[in-house]
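As written, the chains take the letters A, B, C, D, E and F, and residue 1 is the first residue of each chain.
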């Protein structure tokens, strides 16, 4: 079993804000991430698939095809977007934290992989924060 | 003459949009950067000062003091902000491009340096785009 | 189960030296790392916690709170220190190798995490050497 | 159990080309990687061993010795080489993909480790593609 | 005057070999870079243009247009190529060193910039070697 | 005129401490950098030479020879050293700041370059601080 990872990037705006809470409570819990006018990040997404290299091509999966799938189902939807307002697969009221986004990304991508299995996702939000998810 | 650089980071949202133009023209010129709901970036700012190292301390300028000045006059204002809406020193109607922001940053910081001179700024917007400015 | 990682940095001096050995044997085993006048590194520490994102905040753990815990229990103790001389939690005579330091860091940090579990630590000593530990 | 990783680099040329296929089919499957005149990469190899730190030296394995083993059995063979033509341990007709190379590297290195166990290899081919292998 | 940089990448094979020299002399001067079966690199090219930001768009030059020009005149020609054999603008017998390639890249790109001026190129061949050129 | 840069690394300990000052004053000016038991860094040194590429070899200077010169005159002296105690070319009482070290490095290296000229040095002390020097 060999693991192959493809990295893609996107830029997006978001904020963390619970509608049921007062402004004070939102700032107390989320700090500057609650800025009502949004802030944003350069996100970096690692997608890892696993399988056995094909004896003829040597590929688990063609990295260019993997890139196309990631772009179609994730990057094209979230790049240069507002994660709170523009992304159909983010349920209303769900905070677009790194932890929540990575689970949603898994749900978008996993059904579309053929001949290999999605193993893990890593989503880097800043140079000092990232989340990882293995599908359960 | 020795040059000393300190790097600071901030995260912000922005969009590129000319109010006098139609939506079509804005998208034609700015592409996805015109998304009305904003997008964002992890910015990385290099601040370079020049001078002669003090014969006793060996410092052109204490890097911790330089860091405090950059934070006070730039980072604390722009971090987790919306560059179009939240930043007092961005004139209304000016596009918050990397090129424009770097000139504004220079104007904010240069008057506050003592005993050494501001030499250059570099502002990295993504892993593939950055701007530099030398004050004129 | 989602994994969240926060990265913190510190700078420290150390040397590798077994008191019971001759100088020759120390240099034979540890090479330049045995320099009696010390050498040092910029260390980079990845702290990974695991848990389920809170349904309201979307957080496994607030990354800012995680950062404060890491700083209080590890970084504030080791930053700009001598790992052999200045760090109370390094037992006398224990070599401050990357492998040993990471186990000590785990012992310092693990008891202080609430509502989530420490999953792993990664300690990078140079651009080409790092250690990882999963608590057992 | 602690994990220790050493990173080494090498530069090599290769191409992906199935001799039994037409030129058209090769370009259809491999794209530009089928260029008959080769292309190349700066490869970055992470070698991770696992074990218990020695109570006296604090080492799982001396990182300098690990580096020498990796260089002797892998880097010295593949650096500045053509992976299709110059590397004795690449079976004729096997595509030198990242996935295949990493399995071959494991076979070269694993038998030579003493007092600790090879845990994993990571081979980075570009800034956006890497493979990992755990020996089975 | 503001400077704007766009980074693009490409992967290529090459060798350093003077046809008039013996094999021994080639290896003496070029070392492993003379391997007759080629080796290769992941190249990273910084293209810096200078000008005054447009008062309406805030652009010196649209970074996406700059990217398209670099791709058309340089990257599409050299990516996944053999720099000795496949690139029309490399004169026969000229060594494809980083120093020579960067001058050739300038000649390819400079005539195609409008409304701003090419200021400098930086070509990174490995993590430890790069060349820069300012057009004279 | 083309510029060629070679990067080398070293690890060292140091402290900032003015012997004529009280402990209080040293800590006031230098903060944690005054720790009497030292601290340390992974340094990264960029050495840039300039010249015209040789018409036959395509080299300004063989990067391997440049690397050897840098190692002989700088890296072998400072790697795994204490910059205050172990380095003959650091005058007693001079603070080993990044600014001072880079001037000393220039004096060590410049006389030994042949057929090309030393253009600049960049010394990176941490991920957020670096100094540059052009020889005057």
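Quick note on the criterion: a contact is a pair of C-beta atoms (placed from the backbone, for glycine too) under 8 Å apart; a residue touches a chain by one contact, two chains touch by 3 or more.
Keep in mind that what you see is a predicted model, and the values were worked out from it rather than measured.
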{"item": "Number of steps on the shortest touching-chain route linking chain A and chain E", "value": "2"}
{"item": "Other chains in touch with both chain A and chain B", "value": "none"}
{"item": "Chain pair, B-E or D-E, that carries the greater number of C-beta contacts", "value": "D-E"}
{"item": "From chain E, the most remote chain by mean C-alpha position", "value": "C"}
{"item": "Interface composition of copies chain C and chain D: same or different, split at half", "value": "different"}
{"item": "Gap in Å, rounded to a whole number, between the CA centres of chain F and chain D", "value": "34"}
{"item": "Rounded Å distance between chain C and chain F, as computed from the means of their C-alpha atoms", "value": "28"}
{"item": "Residues of chain B touching at least two other chains", "value": "31, 127"}
{"item": "Chain-chain contacts as defined at top", "value": "A-B, A-C, A-D, B-E, B-F, C-D, C-F, D-E, E-F"}
{"item": "Parts of chain F lying in touch with chain C, wherever the complex brings them together", "value": "9, 11-14, 31-33, 35, 37-42, 79-82, 85-86, 126-127"}
{"item": "Touch list for chain A against partner chain D, complex", "value": "1-8, 48, 53, 56-60, 62-64, 67"}
{"item": "Residues of chain D defined as touching chain A within the complex", "value": "16, 18, 29-31, 94-100, 102-103, 127-134, 136"}
